[in-house]
(Lines give C-alpha, C1' and ligand atoms only; values in the text may rest on other atoms or scores of the structure.)
Protein backbone atom coordinates (compact mmCIF):
# COMPACT_ATOMS: atom_id res chain seq x y z
CA UNK A 1 0.00 0.00 0.00
CA UNK A 2 2.99 2.33 0.39
CA UNK A 3 4.91 3.78 -2.52
CA UNK A 4 3.20 4.33 -5.87
CA UNK A 5 -0.60 4.54 -5.56
CA UNK A 6 -3.65 6.30 -7.01
CA UNK A 7 -5.82 9.13 -5.74
CA UNK A 8 -9.42 8.86 -6.97
CA UNK A 9 -11.67 11.91 -6.68
CA UNK A 10 -15.42 11.98 -7.32
CA UNK A 11 -17.38 15.25 -7.56
CA UNK A 12 -21.17 15.15 -7.30
CA UNK A 13 -24.16 17.17 -6.08
CA UNK A 14 -25.28 16.95 -2.47
CA UNK A 15 -28.87 16.27 -3.53
CA UNK A 16 -28.08 13.41 -5.94
CA UNK A 17 -29.51 10.10 -4.82
CA UNK A 18 -28.79 6.45 -5.55
CA UNK A 19 -30.94 3.50 -4.45
CA UNK A 20 -32.99 5.69 -2.12
CA UNK A 21 -29.94 7.14 -0.33
CA UNK A 22 -27.87 10.30 -0.77
CA UNK A 23 -25.32 9.31 -3.44
CA UNK A 24 -22.26 10.36 -1.42
CA UNK A 25 -23.41 8.30 1.57
CA UNK A 26 -24.12 5.32 -0.67
CA UNK A 27 -20.62 5.60 -2.18
CA UNK A 28 -18.88 5.75 1.22
CA UNK A 29 -20.73 2.63 2.35
CA UNK A 30 -20.10 0.86 -0.97
CA UNK A 31 -16.35 1.64 -0.92
CA UNK A 32 -16.10 0.34 2.65
CA UNK A 33 -17.73 -2.90 1.49
CA UNK A 34 -15.13 -3.15 -1.29
CA UNK A 35 -12.36 -3.02 1.33
CA UNK A 36 -11.07 0.48 0.60
CA UNK A 37 -8.99 1.49 3.65
CA UNK A 38 -10.14 5.09 4.00
CA UNK A 39 -12.58 7.59 2.50
CA UNK A 40 -12.83 11.36 3.00
CA UNK A 41 -15.83 13.46 1.94
CA UNK A 42 -15.80 17.27 1.83
CA UNK A 43 -18.53 19.79 0.98
CA UNK A 44 -17.75 22.75 -1.24
CA UNK A 45 -19.33 26.16 -0.70
CA UNK A 46 -19.96 27.05 -4.33
CA UNK A 47 -19.78 25.54 -7.79
CA UNK A 48 -21.45 24.52 -11.00
CA UNK A 49 -21.38 21.44 -13.20
CA UNK A 50 -22.51 20.48 -16.66
CA UNK A 51 -25.95 22.09 -16.25
CA UNK A 52 -24.22 25.46 -15.64
CA UNK A 53 -26.45 26.28 -12.62
CA UNK A 54 -24.39 27.93 -9.90
CA UNK A 55 -25.01 26.41 -6.46
CA UNK A 56 -23.76 28.52 -3.58
CA UNK A 57 -23.90 28.59 0.19
CA UNK A 58 -24.52 32.35 -0.14
CA UNK A 59 -28.10 31.89 -1.39
CA UNK A 60 -30.44 29.77 0.72
CA UNK A 61 -32.47 28.50 -2.22
CA UNK A 62 -29.38 27.26 -4.08
CA UNK A 63 -27.51 25.89 -1.07
CA UNK A 64 -29.24 22.51 -0.85
CA UNK A 65 -27.18 21.05 -3.71
CA UNK A 66 -23.61 22.08 -2.91
CA UNK A 67 -20.67 20.21 -4.47
CA UNK A 68 -19.57 17.06 -2.63
CA UNK A 69 -16.02 15.78 -3.10
CA UNK A 70 -15.04 12.21 -2.23
CA UNK A 71 -11.39 11.10 -2.07
CA UNK A 72 -9.76 7.69 -1.74
CA UNK A 73 -6.13 6.62 -2.03
CA UNK A 74 -5.12 3.03 -2.70
CA UNK A 75 -3.00 0.90 -5.03
CA UNK A 76 -4.02 0.80 -8.71
CA UNK A 77 -4.99 -2.88 -8.38
CA UNK A 78 -7.71 -1.94 -5.88
CA UNK A 79 -8.83 1.37 -7.48
CA UNK A 80 -8.95 0.44 -11.17
CA UNK A 81 -11.55 -2.38 -10.94
CA UNK A 82 -13.99 0.02 -9.21
CA UNK A 83 -13.85 2.91 -11.69
CA UNK A 84 -16.42 1.71 -14.20
CA UNK A 85 -19.01 1.02 -11.51
CA UNK A 86 -18.37 4.36 -9.78
CA UNK A 87 -18.78 6.21 -13.09
CA UNK A 88 -22.14 4.52 -13.61
CA UNK A 89 -23.33 5.73 -10.17
CA UNK A 90 -22.32 9.35 -10.87
CA UNK A 91 -24.15 10.23 -14.11
CA UNK A 92 -23.71 14.01 -13.81
CA UNK A 93 -20.44 14.22 -11.89
CA UNK A 94 -16.70 14.19 -12.43
CA UNK A 95 -14.43 11.20 -11.74
CA UNK A 96 -10.67 11.39 -12.09
CA UNK A 97 -7.53 9.62 -10.89
CA UNK A 98 -3.94 10.75 -10.52
CA UNK A 99 -0.73 9.07 -9.41
CA UNK A 100 0.56 9.76 -5.90
CA UNK A 101 3.39 8.58 -3.70
CA UNK A 102 2.09 7.24 -0.36
CA UNK A 103 4.45 7.74 2.61
CA UNK A 104 2.13 6.63 5.40
CA UNK A 105 -1.21 4.85 5.40
CA UNK A 106 -2.48 4.02 8.87
CA UNK A 107 -0.12 1.66 10.61
CA UNK A 108 2.19 1.25 7.61
CA UNK A 109 4.84 3.71 6.63
CA UNK A 110 7.91 3.83 4.40
CA UNK B 1 -12.68 15.74 -22.45
CA UNK B 2 -12.10 12.18 -21.20
CA UNK B 3 -8.67 10.63 -20.80
CA UNK B 4 -5.65 12.81 -20.09
CA UNK B 5 -6.57 16.21 -18.64
CA UNK B 6 -5.39 18.86 -16.19
CA UNK B 7 -6.49 19.78 -12.68
CA UNK B 8 -5.98 23.49 -11.92
CA UNK B 9 -6.12 24.63 -8.30
CA UNK B 10 -6.17 28.23 -7.10
CA UNK B 11 -5.69 29.16 -3.41
CA UNK B 12 -6.62 32.67 -2.28
CA UNK B 13 -7.97 34.58 0.73
CA UNK B 14 -11.71 34.91 1.28
CA UNK B 15 -11.42 38.68 1.67
CA UNK B 16 -9.45 39.30 -1.55
CA UNK B 17 -11.39 41.34 -4.06
CA UNK B 18 -11.19 41.88 -7.81
CA UNK B 19 -13.14 44.51 -9.77
CA UNK B 20 -15.39 45.25 -6.79
CA UNK B 21 -16.33 41.60 -6.21
CA UNK B 22 -14.98 38.87 -3.94
CA UNK B 23 -12.12 37.36 -6.00
CA UNK B 24 -13.36 33.76 -5.77
CA UNK B 25 -16.82 34.77 -6.99
CA UNK B 26 -15.30 36.78 -9.82
CA UNK B 27 -13.17 33.79 -10.84
CA UNK B 28 -16.13 31.36 -10.88
CA UNK B 29 -18.10 33.75 -13.09
CA UNK B 30 -15.09 34.42 -15.34
CA UNK B 31 -14.34 30.69 -15.79
CA UNK B 32 -17.98 30.04 -16.69
CA UNK B 33 -17.70 32.75 -19.34
CA UNK B 34 -14.62 31.01 -20.74
CA UNK B 35 -16.65 27.82 -21.21
CA UNK B 36 -15.10 25.77 -18.40
CA UNK B 37 -17.49 22.85 -17.78
CA UNK B 38 -17.42 22.83 -13.99
CA UNK B 39 -15.94 24.69 -11.02
CA UNK B 40 -15.80 23.72 -7.34
CA UNK B 41 -14.93 26.14 -4.53
CA UNK B 42 -14.14 25.03 -0.95
CA UNK B 43 -13.36 27.03 2.19
CA UNK B 44 -10.54 25.94 4.47
CA UNK B 45 -10.73 26.29 8.24
CA UNK B 46 -7.17 27.44 8.86
CA UNK B 47 -4.05 28.46 7.00
CA UNK B 48 -1.43 31.03 6.21
CA UNK B 49 0.17 32.35 3.03
CA UNK B 50 3.15 34.45 2.09
CA UNK B 51 2.43 37.09 4.75
CA UNK B 52 2.75 34.37 7.46
CA UNK B 53 -0.40 35.53 9.28
CA UNK B 54 -2.39 32.52 10.49
CA UNK B 55 -6.09 32.78 9.63
CA UNK B 56 -8.29 30.38 11.55
CA UNK B 57 -11.96 29.65 12.09
CA UNK B 58 -11.09 29.23 15.78
CA UNK B 59 -10.60 32.97 16.35
CA UNK B 60 -13.40 35.29 15.35
CA UNK B 61 -11.13 38.20 14.47
CA UNK B 62 -9.02 36.10 12.10
CA UNK B 63 -11.85 34.09 10.55
CA UNK B 64 -12.97 36.61 7.94
CA UNK B 65 -10.10 35.75 5.59
CA UNK B 66 -10.08 31.96 5.53
CA UNK B 67 -8.37 30.11 2.64
CA UNK B 68 -10.52 29.57 -0.45
CA UNK B 69 -9.68 26.74 -2.85
CA UNK B 70 -10.96 26.69 -6.43
CA UNK B 71 -10.68 23.57 -8.62
CA UNK B 72 -11.32 22.97 -12.31
CA UNK B 73 -10.59 19.97 -14.52
CA UNK B 74 -10.39 20.23 -18.29
CA UNK B 75 -8.15 19.38 -21.23
CA UNK B 76 -4.80 21.18 -21.41
CA UNK B 77 -5.93 23.07 -24.54
CA UNK B 78 -8.66 24.78 -22.48
CA UNK B 79 -6.72 25.23 -19.21
CA UNK B 80 -3.32 26.42 -20.47
CA UNK B 81 -4.49 29.61 -22.26
CA UNK B 82 -6.19 30.80 -19.02
CA UNK B 83 -3.25 30.38 -16.61
CA UNK B 84 -1.49 33.68 -17.22
CA UNK B 85 -4.67 35.70 -16.75
CA UNK B 86 -5.64 33.74 -13.60
CA UNK B 87 -2.18 34.32 -12.11
CA UNK B 88 -2.58 38.06 -12.69
CA UNK B 89 -5.88 38.05 -10.76
CA UNK B 90 -4.39 36.21 -7.76
CA UNK B 91 -1.42 38.38 -6.73
CA UNK B 92 -0.97 36.82 -3.27
CA UNK B 93 -2.21 33.27 -3.91
CA UNK B 94 -1.03 29.92 -5.20
CA UNK B 95 -1.84 28.52 -8.65
CA UNK B 96 -0.79 25.04 -9.71
CA UNK B 97 -1.73 22.37 -12.24
CA UNK B 98 -1.25 18.62 -12.29
CA UNK B 99 -2.06 15.88 -14.78
CA UNK B 100 -5.10 13.70 -14.15
CA UNK B 101 -6.95 10.92 -15.92
CA UNK B 102 -10.64 11.77 -16.38
CA UNK B 103 -13.02 8.78 -16.33
CA UNK B 104 -16.33 10.64 -16.31
CA UNK B 105 -17.21 14.28 -16.91
CA UNK B 106 -20.95 14.89 -16.91
CA UNK B 107 -22.63 13.02 -19.68
CA UNK B 108 -19.38 11.66 -21.15
CA UNK B 109 -17.53 8.69 -19.79
CA UNK B 110 -14.80 6.31 -20.91
CA UNK C 1 9.68 27.96 -6.20
CA UNK C 2 7.90 28.17 -9.57
CA UNK C 3 7.83 25.33 -12.07
CA UNK C 4 8.08 21.72 -10.92
CA UNK C 5 7.12 21.29 -7.24
CA UNK C 6 5.42 18.87 -4.85
CA UNK C 7 2.00 18.86 -3.23
CA UNK C 8 2.01 17.14 0.18
CA UNK C 9 -1.32 16.13 1.71
CA UNK C 10 -1.85 14.85 5.24
CA UNK C 11 -5.17 13.33 6.39
CA UNK C 12 -5.82 12.93 10.11
CA UNK C 13 -8.64 12.97 12.68
CA UNK C 14 -9.78 16.23 14.25
CA UNK C 15 -9.42 14.77 17.76
CA UNK C 16 -5.85 13.48 17.35
CA UNK C 17 -3.40 15.26 19.61
CA UNK C 18 0.37 15.75 19.63
CA UNK C 19 2.39 17.25 22.49
CA UNK C 20 -0.77 18.45 24.25
CA UNK C 21 -2.13 20.26 21.17
CA UNK C 22 -4.58 19.29 18.42
CA UNK C 23 -2.36 17.51 15.86
CA UNK C 24 -3.43 19.66 12.90
CA UNK C 25 -2.67 22.86 14.83
CA UNK C 26 0.69 21.50 15.91
CA UNK C 27 1.53 20.60 12.30
CA UNK C 28 0.61 24.07 10.95
CA UNK C 29 2.83 25.70 13.58
CA UNK C 30 5.65 23.21 12.98
CA UNK C 31 5.57 23.70 9.18
CA UNK C 32 5.68 27.47 9.63
CA UNK C 33 8.77 27.03 11.80
CA UNK C 34 10.35 24.96 9.02
CA UNK C 35 9.90 27.88 6.60
CA UNK C 36 7.10 26.40 4.49
CA UNK C 37 5.55 29.32 2.59
CA UNK C 38 1.89 28.42 2.98
CA UNK C 39 -0.40 25.85 4.59
CA UNK C 40 -4.11 25.18 4.06
CA UNK C 41 -6.26 23.05 6.37
CA UNK C 42 -9.77 21.84 5.48
CA UNK C 43 -12.33 19.84 7.47
CA UNK C 44 -14.23 17.03 5.79
CA UNK C 45 -17.85 16.27 6.63
CA UNK C 46 -17.63 12.48 6.63
CA UNK C 47 -15.08 9.71 6.39
CA UNK C 48 -13.41 6.68 7.87
CA UNK C 49 -9.82 5.53 8.23
CA UNK C 50 -8.01 2.35 9.17
CA UNK C 51 -10.25 1.68 12.19
CA UNK C 52 -13.27 1.57 9.83
CA UNK C 53 -15.40 3.75 12.15
CA UNK C 54 -17.44 6.22 10.08
CA UNK C 55 -17.24 9.77 11.41
CA UNK C 56 -19.90 12.08 10.07
CA UNK C 57 -21.19 15.61 10.61
CA UNK C 58 -24.69 14.11 10.34
CA UNK C 59 -24.51 12.45 13.77
CA UNK C 60 -23.62 14.62 16.72
CA UNK C 61 -21.83 11.86 18.65
CA UNK C 62 -19.55 11.02 15.71
CA UNK C 63 -18.90 14.58 14.56
CA UNK C 64 -16.14 15.45 17.01
CA UNK C 65 -13.52 13.54 15.03
CA UNK C 66 -14.11 14.63 11.43
CA UNK C 67 -11.35 14.21 8.81
CA UNK C 68 -8.83 17.06 8.66
CA UNK C 69 -6.86 17.62 5.46
CA UNK C 70 -3.63 19.63 5.41
CA UNK C 71 -2.00 20.75 2.14
CA UNK C 72 1.35 22.34 1.36
CA UNK C 73 3.08 23.02 -1.95
CA UNK C 74 6.82 23.60 -2.22
CA UNK C 75 9.92 22.41 -4.06
CA UNK C 76 11.01 18.80 -3.46
CA UNK C 77 14.16 20.01 -1.67
CA UNK C 78 12.01 21.60 1.04
CA UNK C 79 9.26 18.94 1.21
CA UNK C 80 11.28 15.71 1.11
CA UNK C 81 13.36 16.27 4.28
CA UNK C 82 10.14 16.78 6.31
CA UNK C 83 8.27 13.64 5.25
CA UNK C 84 9.74 11.16 7.73
CA UNK C 85 9.07 13.44 10.70
CA UNK C 86 5.52 14.23 9.51
CA UNK C 87 4.79 10.49 9.12
CA UNK C 88 5.93 9.92 12.71
CA UNK C 89 3.49 12.58 13.98
CA UNK C 90 0.52 11.04 12.11
CA UNK C 91 0.42 7.43 13.32
CA UNK C 92 -3.12 6.69 12.09
CA UNK C 93 -3.34 9.01 9.10
CA UNK C 94 -2.49 9.17 5.42
CA UNK C 95 0.46 11.09 3.97
CA UNK C 96 1.06 11.36 0.22
CA UNK C 97 2.87 13.57 -2.27
CA UNK C 98 2.34 14.23 -5.97
CA UNK C 99 4.12 16.32 -8.57
CA UNK C 100 2.58 19.64 -9.57
CA UNK C 101 3.48 22.57 -11.80
CA UNK C 102 3.42 25.87 -9.86
CA UNK C 103 2.43 28.93 -11.90
CA UNK C 104 2.16 31.46 -9.10
CA UNK C 105 3.22 31.39 -5.47
CA UNK C 106 2.69 34.67 -3.68
CA UNK C 107 4.73 37.42 -5.22
CA UNK C 108 6.48 35.13 -7.73
CA UNK C 109 4.95 33.96 -10.96
CA UNK C 110 6.08 32.37 -14.21
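By letter and in written order, the chains are A, B and C; residue numbering begins at 1 in each of them.
Here is the rule we go by: contacts are C-beta pairs under 8 Å (C-beta built on N, C-alpha and C of every residue); 3 or more make two chains touch, one makes a residue touch a chain.
Model, not experiment: these values are computed from the prediction.
Residues touching across the chain A-chain B interface largely differ between the two copies, under half of the numbers being common to both.
Overlaying chain A on chain C by C-alpha atoms takes a rotation of 120 degrees, rounded in steps of 5. Distance from the chain A centre to the chain B centre is 18 Å, each centre being the mean of its Cα atoms.
Annotation for chain A: residues 42-43, 98 touch two or more other chains. Across the complex, chain B is touched by residues 11, 42-50, 52, 54, 67, 69, 83, 86-87, 90-98 of chain A. Interface residues of chain B, counted against chain A in their complex, comprise 5, 7, 24-25, 28, 32, 37-43, 73, 98-107, 109-110.
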